[in-house]
Every structure is written in C-alpha cells, then in structure tokens.
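Could you have a look at this structure, given as structure tokens, before my questions?
Chain IDs A, B, C, D, E and F follow the sequence of writing; residue 1 opens each chain.
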C-alpha cells in the first residue's frame, strides 16, 4: 500500500469537529469576523499561552471554515506551505501543502510564530495578502485565486523579536493586527476549572499565584505563567498529587533552572498558598 | 493526471485582464513608456506601500504586456527565474521560469525587492540589461534574444539597504531609476475612498492621521503608514467596526510592539480624531 | 535480501524485556504516573549521570509501555522523528520514525537532551503536547491521534544551556517538569555495589571521594562525577586493578585535561583514600 | 522533445556575428593580440562601464574566435564552467560547460568579475594558465589540451576588492594584466552619440556633467558614472523626455539613495546644464 | 563487475595480520585488558605521535580482535559510522559502516580524534557506552546488541581543544581514560633504531635533540617533535643523506615556517649535534 | 557514446611524456629520491612561482612515475580524491579519484596547496602517511595497500597561512619537508631565456628588475614577482611589444591595484631599465 495520495482530496478539516470553547476578553471575535468579511489577513500578537491558537480554532469552527494550522520553524520554507513534487512509480506527482489546500478549499490557514519561518515564505504570502489574493504555484504552472471564504491568519510573540528574526514592515503592513494578553482573573478560574476538572474554589489560589508570578516577568523569569501550566497544576491536584508537589512540577520547575530563582519562587508560592 | 506541462505554453498574462487603477503623482508614466520604447531596464525605489507594484501592473496592462511578477527573497536563485529540469517518466523535462517566459513572450518581468535575491541572479540580468539583450540558458544550450517588447523592471526599498544586501554599482548602473513616495493628500483620499467603499469625508481624517504618523518615521516607528493600511482601516469602518477599534487594529498595532510607543500613537490618534 | 520493511510492523519494545532497577530519591515515580494518567508531557532536568535515562526505562517497563529513546543532536530534524520516504523497487515507501511509532503503538517516546535537536522538532511536538494530542504527517497526509497510553518525555541538562541552545518558553511551558540530582550517599553506595560487583565496604570510600569532587563543580571541573564513573572505578577494582590506578583512569582522567587540576585531584584522592 | 543535446556540438559563437564597435584608448588591442599569439592569459582591471566586456567582444570578433562569456557570482563553481552529468532516459549524459566548449573549439573564454566566483574555479584555471594549457575533466576522465587559438580572459573591478574576495597572488600572477579607465572626453562624446542617436552637440554637456560627477567618487558616491548611463540619458532625451528628467532618471537616481547627496547632485547638474 | 557487496561479509580484520610492536611505558596494557574484560569504553588522550594509534593496533592484535579504525574529521557524521543505503539495480541496499561492522563481528572500533567528528556521532555512541551496549540502526529498523568482545576506543589531543570542539561531559564521562606521553629516552632510542634501521648509537643524538626541542613547546613551536619525525630523520641518514640535511628536512622544517624560529632551531641543532 | 568508463583503466600518466626541464638550486632532488626510496611523504613549502609544481613534474618523469596532480580548493573533499559512485544504466558504478588511481598504479600523487582543501582530506591521508600505507575505500569496502613506488607529495605557501587554514601538527608531522625559494640570478636568466625565446642579454635586466621588486615584498606588494611573470614579460618583448609596455602588463599590473604603489613601481622600473 502506498500512502501518498496522487491528488489532494477534500479531507475533513483537521480540528473542526466541535467548536472549541473560547472565552473572549475583548472585541477579538468581532474584529476577526469583520476582517474575514472584508477579506483582510490577520496578525495575532501575544505571549505564550495567551490563547491565540485556541482563538483561531474557535473562530474557524464558528465560521465553518476548514482549518490548516502550521507551526513555523527555522527550516520551514515556501515549499512546505505550497507543496512539492514527489516521485511515484517513476512519475513525479504534485502534493499540495497546507496553504495551497486552504486556498483550494476556501479555508483558514493559520501560521503560528510566523517570524520563525524562512524568508522565502514572504513570497507566497505577499500576493495572497494584497488585493490580488492569488497564489502562484510556479512548479505546476497554476495560478490559484483565493475564494472569498479563504483567510490567512498569522501569529507571533513580540517578546521573542530580535534583530535577525523580525517581520519586515513590507510584510507586517499587510495585516490587520491585534494584541492578546492573559484572561482576567475570574474568566481564567472558570477556564482552568473546566479544563482540569478541579473545582473553582481549589483553582482560585492557583490562578492568584500565577498572576503574582506573571508580575515578575522580565526580572527573574523570561515569560509569564501560561494558563496551560495552571491547568497542568490543577490536573495533578485533581489526580491526587499534593498541591505543593503539583505547583512545583507544573508551575515552578517549568519557569526557571536557576537555583536562586527557584528558591524565590518556592518562597512566594508558600506565602501565597499557605 | 500530471500537472507539469512538458513545454511552456503561452499562458494568459497573470494579471492583465483589466487595467488596474493607478493615480500618478509625477512623470512616472511617461518615463516608463520612454524607457520601454528605448528598451532600457527600470529600477523603482521607494518605501513599502508607495504603490510600486500597482504602478507596474498598471503600466503592463496599459502597454498590453503580459506581466510576470516575482517577489524576491533570500533563497531566490537564478534557476528560479530561468527554469529547471524536472523528472517526468524517466526523462528530464525543462520547465521555463518567469523570466524566461517573459523573454520568450516579449512581456514585462518585474522583480520585487531585488536586493533580497541571491547574488547569482545578477548573472542572468547582466546580459539582458546591456545592448546584447540576451538570456543564455546554459542548462538547455539555448541563447534567447529578447524581442523589442520585452522589458525588465526591478524594485527595492532604500530604507532596508544594509552592507550585506545592496545593489552593486555594476548592477545598479544598468537601470534607469525613479523614486516613489506616498501620494499627495487629496489624491490619497480619493484612492482610499475608492478601495474601501467609505466616503471621502470619512476617509479624510484617517489620511490626515496617517500623514501625521509618517512624520514620526525614524524616531519611534520603522516605516511610515502605507496607503494599504489606511484602506484597511476605512474598510473596517465601512464594515461597521467603531473607528477607534479600526484605527487600533489597522494602523496602530501594525506599526509597533512597544507598549510606550503604542500608548503615544493612541494619544496622537485620539487628539487627531477627537 | 532487503532490510527495509515496507510498512512499520509492531516490533517488540526496544528495551522493555525486564524492569531495569531504579532507586528513587523523591516523588518522581508518583509524578510520572500522575502525568501519564492525566496525559501530560514530562521534562526531566539534571546533570549527566543523575539517572534520567535509567528512570525513564524503569517507568516504561513498570507501566508496560514500549519505549522509543532518541538521543538528540545538532542535526536531528523533525523527519528523523516522524519518518521518511525511501525508494524501493522504483516506488517511494514511507518508513515511520520513532516518534510516529510511539504514537501508533501508544508507547513512551523519550527525547534525550532535547535542546540539542534542530528547531523544526518543535513543530511536531507542539500539537502532541497540547489538548489536541495529534501528530500530523504532512508527507503522507495522515493525521494521527495519540492513544491514551502515549506519553512524551524529554530531558535536558541546564548546565549546558546557552543563548543559542535553549528551550523557548513556548515549548518549555508545555511540560510538567522535575529536577534530578545525584543519589543520597547510602543509596549510591548500594547502587554502585550492585552494578560493579564490588562489596559495599570497598565502594563507600569511592562514593565519598566522588561526593567530595562534586563539590568542586564550577571551580575547576565542568561537571560533577557521575554515578557511572564510580561504577567504572569499582568495576576496575573488582577486576583486580590497584585502586589508585582505577581511580585515576575512571574518575580523575575523565574529569580534566589540565595538568594542575589533575595534580590537585590526585592530591584530594590520596588524602581521601589514604 | 528533449532540449538536452547529448553531446556538445559546434554551435555558432554566441556573439560574433558582427565585429562590435570599439574605440581604443591605448595599446590594449596590440597587447591582446600579442598575448593571444604567445598563448598568455589576460586580466582586465577597471571600473563598471569602462568597456571591458565590449573590448573582449570586439577582439573575439576581430580574431575570429568563438566567444564564451560567463558573468561570475557567489555560487559559480568549477562545475558550472567545465560541465555536468545530467540524467537522460536512465543514462547519465555529460554536458560541456562554457570553459570546456571554449577549449574544445579553440575559442575565447571570458570570465567577468572573476573574484565573485567560488574558490574551486581556481582549480580548473591553474593548469590552463601555465605552460601545460590542459583542462582535466575528472568526471569524464578526459584530459583536454587547449589548441593554440584558445585564450582565457578574466576581469575584475579593483574598487570592489575586499579581504574576503580577492585574487590570490598564486592566481593573479598567471595573467598578463591591463587597467581600463573611462574614455577621453572627445572619444566618449562620439561613442555616446553613436549609441543613443542624439547629436554630438547635445551629448557634450551630458558627458561633461558625468566627468564632473566622476571626480566625486569616493566622497559621496561609490562609483563613477558609467558611459552606459550617459547613453541612457541621451537616449531618453532623444526619445523626447525633458533633459532634466532624463538626467534625474538616468544619472542621478542610479548613483545614490541619500536625499542629501541627491540634492547636491541635482545642484551640480543644474549649475552644469543651466 | 560491481564493487558494492550487497551484504557485509566477515572480512579479515584490517590490520591484525601480525602483532605490531609496541613498547609500553606504563600500565596501559593492563588497563586496556581490564576495561575490555569489564566491557568499558576507553578514551586515549595525548599529543601527536605519542603512539596512541600504534597502541590500539597492538592491543587489538594481542586480544585477537578485528580492528576498525576511523580518522574523524569535520564532516564525519553518524551515517559514516553506521552505514548507508546505496542504489543498486533499482533497489536500495544497506551497506554497513565501520562501527556497525565492529559491533556485528565483536571487534574493536577505534575513532581517532573524536572531537573532530560531527555532533550526531554522539547519538550512536551513547547507547553503546552505557549498560545497554546497543546500536539502533534506525534506517534498517535493526537493534544490534554488542557481543561481549566488542570494545569502543576513542582518542583526542587535549592540546587542540577549543570552545567549539570539545567533548561534552555527558560523552566524556562514559569512558575510562588514560593520558599518553612520549616514550622515556632509552625506550625511544630502541624504537627509532628498530623502525629506521639506523644503529642505536647514531639514533641517540637524534633522540636527544628531539627531547630538547620538545621542551620548547608552547614557546616557539606548537607541538613537540613526534617519534615519527625522529624515525624519518634516522631513515634519511640510513639512506645516505648527510645528518644535517636529514635533521633539517625531517625535524626542523616540519616544526615551523617562521624564519627566525627556524634559525633558532638550526642553532640548537648544530650545538647539540656538533 | 557515454564518457564514463565503468572501471578505471591504466591510463598513460597525465604529464610524463618528456622529462620537464628543471634547474635545481639545492639538495631537493636527492632529498626527493631518498624520501621516495624510504617511502616517506614529502611537503614542499614556498611562495608562488618558486617552481614547486615544475619540480614535482620533473621528479615524476625522472623516476618514471605516473603523476596525478590535484589543485586543492575550499570545496575539495576526500571523495574528490578517492572516488565516487556514479549512476549508469540504473547501476551505480564506482569511478576512482586521482589519489586512488595513484595508489593502484604506484604513481606520484601531488596535492597543490593542501591547506585549501576541506578537513576530511586528512582522513584519507593519515593511513597513507604512516607505516600502514593503506587507503581504505569505505564506499567500496576495499582496503588498498600502496605499492612501494607510490609516493605522496603536498605543497603549501606559508605566506597564506592563517588561523583558519593551517596544517594541523598531527598532519604536518607526517611529512619530510623542504622550503623552496626563487632561483639564483644567473640560473633564473637561463631559465627565462629558454622559456621565452628572448636572448639572455635582453633577459638579464628583466630578472634584475624582478629581484629588486621582490625585496619590496611585505611592504607595498603582497608577493614577490614569480619567474613566470618574467617569462611573460620576455615573451611579449620577443613578440615585438615595446619593453616598457611588456613590463607594465606582465610585471607591474599583476602586482598591485593601488595607483600610488603602481606609480612607485613604474618609477623603479624606469630607473632600472633606463
């Protein structure tokens, strides 16, 4: 059996079976819908664990769009997005990449941490993000026009930006943009309780501790505690692990390797949780 | 079905169905026509969003030339422009690149942000940009002579120039050159109104805000607000988003990630828009 | 005979025949089990020779999970983990990598020294380490959902961390974490005696010497003496080599190349062992 | 149809149909002929647009030699000059590169901007530039002896030389050398008038302006105005563009991107042309 | 005839026909035997020409082990050690590398100057150098268990160590280690006389000169005179070359290119040899 | 016709038809013969144009050895020396490189400017340059023993040495070494007269000028005038070019690009030649 399908077929969207829960903290849902309606590409900025990926999954499901998510990295090139020729039975066969599939199917393509990708990615994004909305596939000689329902969303974390890895203004000024931050306290407690199965009363002190640790960002720790880590801690407590051990393994250890910083965080944690 | 066409065929020009609207601000149309008439290559210099790509599309349509646009990048090599051999049925088949197609069909080849391309690109451009006007295809053994209607146009953004990525004088002195800048105020209002569907009275304060922000370039923001971003903001307003939210998402967020700079831009925006 | 199996078959787990001995020094076994039960990925931090690899082998056997261990390095890419197409009889055949095998078989995948791997590895880990628990195989078009028994564990040595090779917070905050350290004295004596066949009385002074040398870490020597080196020394003594020669070859020479430092270590060793 | 010719055939020389006009400014023609007669390789040094490429084309036609011109660049390797194996019908077929063709056909091989090429190019040049005059083709096992009519000419621009890109003395001392400079005033006026179709009276002030700007080289502008740029300006004037606009587009804009320098050049231009 | 053997066959060990002469200067033979008996890997440290390679060849022959020697270098990768797939008759065939052959045949694998190799080499060495003693061949899906007679030995020269090329502690602490130095005077005279055929009386002043020059290491010369160079000098004298010329060509010229240093060495040599 | 010979055949030595003229200036011929007799490898040190390549060709012819010369460069790898598999008719065929051919045929392999080659070249040289004299071909599984007549000679120019490109002592101490310099005056006059066809009386002032210019090395010019350049100048004079023009083109222009230095050299030349 050969696993390469000769031609891309309409596969069920990767993660659209249910509408993933999403707890909005501002006008982001309206902005996303307006941008989609006006066929404008969208840039999501914000720290790790502030819910960008979840938000995109939520909106894709809500608008009924097939979602194609790509986590960008140092070696991700334009061909990884558009597609490649593969050899089969002595013939070369074209296999669509996720961006091409999103264009063909009129779906939502989400490129997570776009600044990590190689520079040639800009080539395929530029004609898709101006009024032409086209995707030229030079290797196959095709020129795809994006259907009205197609949308491109990208994200990046401004905290990582450096001189080498940055969005050029010529790319950046092609996107409507929005900044994400952590959820407000009460909303975050509800979300963590839902995800972990721990009751809200037991979750609240964990959220409060995380919020206190977030205020240390830039001093001793590189990045604030993500909502995901609070969910991890609550899950371990729900599974029967003593709370101090759960906080140690799911919140403190992931934040730092420095013995002094770790001691300080344990101190703060003890003071906060009693 | 195999998507590789064995030999390049005369495809309809990529984007010449209609003549794209273009609002000239100087002698650029006459200069383009004279250069084309005298078979001289052209270099367009100017910031992001100053209308270079639109201008080229406009002129191509006006002169009835098929247009081949290539967005250059770090990994774009001469072979991406001239063509490659691909394997098909055990035979290697030559597939023309966009530059070769433009030469064969007597069209306009436009290389956007030429300084981003790899250095070997200069090899194929040099004999096309002196009195020989030839394109040697070493891999196929062909020597193409460009027909009179063929023209080469390239662009770059002097604001990005650095020591590593620069046009060598030996390349640069092969092009007639022109500098682009943003449109005058009244012309820009007309263009934004046409593109966004918002009336000129509502567009005017957005253009005025953009012009004010452009004067900050080099101080707090890297690049001035492009006309495209004003169109985005006007489109979102036209779609019903409150103006402050549209300005935030389409003008301020795309310009900066710095909280202090963002706060300053919001202040300017509030003062300007009331 | 051709050694490439066309399709991955259910191979016996690499190293799960017996349950490898492991001497716990904290709550690490309970934490591992809770994380596995709650389907959370795990990060093990600690110095060379502190027993991380042995601990993982122990837990895999205890939980009855097939174990797939990968020692990461500078050139390890995502494809090394997920799989590749190989040519066979004119056909391209997909061969699963160790991560894919672990997902298909519901096993434990252990990536040792994860920070050494190439950055594109993060791409395949991210969707496996959030609530989606999926592994998209873009090359085959498959989307694998990890079964409940699948677990991902990674390790790194904070002592090696540098600016270039570091876990990004966006990756790091996806793991429950735990710090390993050397065993307490009495436990280490028992382990070395078991492994080397030397009696505990003869092992004790070797362990004491190692513990003394570990306190020099960061001054003259880069890394503390691992338990493995004490086992080597004890093994050589058990094989009949004079103790000073065994200590020289198995403990002092592996720690340093500097003649002055070596002289100092010999001095300490003589003082300690008489 | 397959475009790869299995074996190189005697193609008509690339650019020898007519003898290209050339206006000598010194003993370069005699020197070229003597070097060719004595089978010595030749190095042409000089700035952009000083006529090196034209001179070589002229001499090739005058001596009746097929000319093979290669514009060197960062990625040009020895194999680009000597040839490669390509796959055809399951067989590998050797295809000669331009240097090999020049040797086989006893022609003139001209490597423009030799310092740009990769270092392995020196390997194939060394045995061709000493008394052996041989070209070993290791890939085919052939050892070609250059016929008496074969000649190698290379060029470079000393103004670009830097520490990384330099001719090693061991290569440089293999060439008879000559320095090129711009034409004397009256000769340059005649050449520009012939190339542009503008009469000599109208050309003279353009040449005088260019000569004045050349004296600024090294202060504000990187490289002097080439004769080619004067031809461009004269052509645009001949096509009906106002002289100030032609000078702006063909002389000033190609020289600089700095607003202050441009303003200075415009000032000089206005003073010179009235 | 095709030279690729489809499957590795038991070839006679590379260099084990006779037991190469080796003159021990310490406990290195006993240590090697004990390490082999206890299945511990061995690291040899020492300067150029101190006899490490010869020692390994000697021990391999003495223990009757087939020897697989690999000189490591910048581009040596794991695949060079484990093996590769090669294409044969349209089928891919696996060909074992030297490490794999050593494991399959229970021989001695010696990696000379291990720090020069690429980092992925550590991947294949780690599971072979702990208690697992396994070699996973991911490409073929095999998991080889090293037989009791298999041994791994590596070497490096601490004098070359630098920040980029260093043994990580996690690799280094996997080896029993031993430092090599030049032979004592009388032993070295015997060895040189045997190797060169020159009588010991004539060899002695050459050895004395070499020992005097070794004391200059780190001042004017980078590395001390190896025993091999003394053998060269003695061989040239035995062949009839005058002693000063032999010393010049075999000892002084190989040590330095600096005219002043050379003059100093000649002076020392004249004083020493009369 | 296919130019790849399936198996290497005994080709006539590349350049051994006649014994090339060589004018010895010291004991180099005796030293070469003794080294060859004792099977020792040889390193030739010296500046450009000091006759190293000619000397090797002379000795090869004198000893009746087939000569395999390789000019080393940045990209020359071990496989370029040993050989490669090429695809032919669906089969992979091994094609010997020049080093392998020299070993099989018992010839002389000469690697010019060895420090330019890639580091993996040392791998194939080490076992050929100690008492083993073997060449392992890992790709074919062969282990070649060099016949007594095989010899390896390498060269490098100490003037180019830098920190990155240097012979490691572990390689360098494997070679008997000799330093080359320019010929004495009277010898050089004879050689230039023979090579150029100009009579000795006319050659003498050219040699005297070159010797004067050599004394400037390190001050204004990077490398002294090679004998080859004097031959070039004499050849051009013999062809009828005026002596000042010949000296300008063949001696002064190849030495420098600096206008001031050139003016100084012209001054010296005029003073010397009248």
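Basically, a contact is a pair of C-beta atoms (placed from the backbone, for glycine too) under 8 Å apart; a residue touches a chain by one contact, two chains touch by 3 or more.
According to UniProt, the chain labels map to these proteins: A, B, C, D, E, F = Nitric oxide reductase NorQ protein.
In this text the structure is predicted, and so the values were computed from the model without any measurement.
Asks: Just how many steps, at minimum, does a route from chain A to chain E need if it may pass only between touching chains?
Replies: Minimal hop count between chain A and chain E: 2.
Asks: Any chains in contact with both chain A and chain D?
Replies: Correct list: B.
Asks: Going by average Cα coordinates, which chain is farthest removed from chain C?
Replies: When every chain centre is compared against chain C, the largest gap points to D.
Asks: Taking all residue numbers at the chain E/chain F interface, are over half used by both copies (same) or under half (different)?
Replies: different
Asks: Among the chains, which has its CA centre at the largest distance from chain E's?
Replies: When every chain centre is compared against chain E, the largest gap points to B.
Asks: Hey, what angle do you get rotating chain C onto chain F on C-alpha, to the nearest 5 degrees?
Replies: 120
Asks: With chain centres defined as C-alpha means, what is the inter-centre distance between chain A and chain B in Å?
Replies: 30
Asks: Hey, how far is the Cα centre of chain C from the one of chain D, in Å?
Replies: Chain centres of chain C and chain D, defined by C-alpha means, are spaced 60 Å apart.
Asks: Can you list the residues of chain F that touch 2 or more other chains?
Replies: Chain F, residues with two or more chain partners: 87, 90.
Asks: If you start at chain A and step next to chain C, which chains follow, in turn, all the way round the ring?
Replies: A, C, E, F, D, B
Asks: With touch defined as at the start, can you tell me which chain E residues reach chain F in the complex?
Replies: Interface residues on the chain E side: 1-5, 8, 11, 14-15, 48-49, 53, 69-76, 80, 86-90, 95, 97-98, 112-113, 116, 157, 160, 195, 222-223, 225-226, 228-229, 232, 235-236, 238-241, 245, 249-250, 253-254, 257.
Asks: Across the complex, what residues on chain C touch chain A?
Replies: 7, 27, 30-31, 34-35, 37-38, 40, 43, 45, 77-78, 85, 87, 90-94, 118-120, 122-123, 126-127, 130-132, 134, 136, 138-143, 158, 161, 168-170, 172-179
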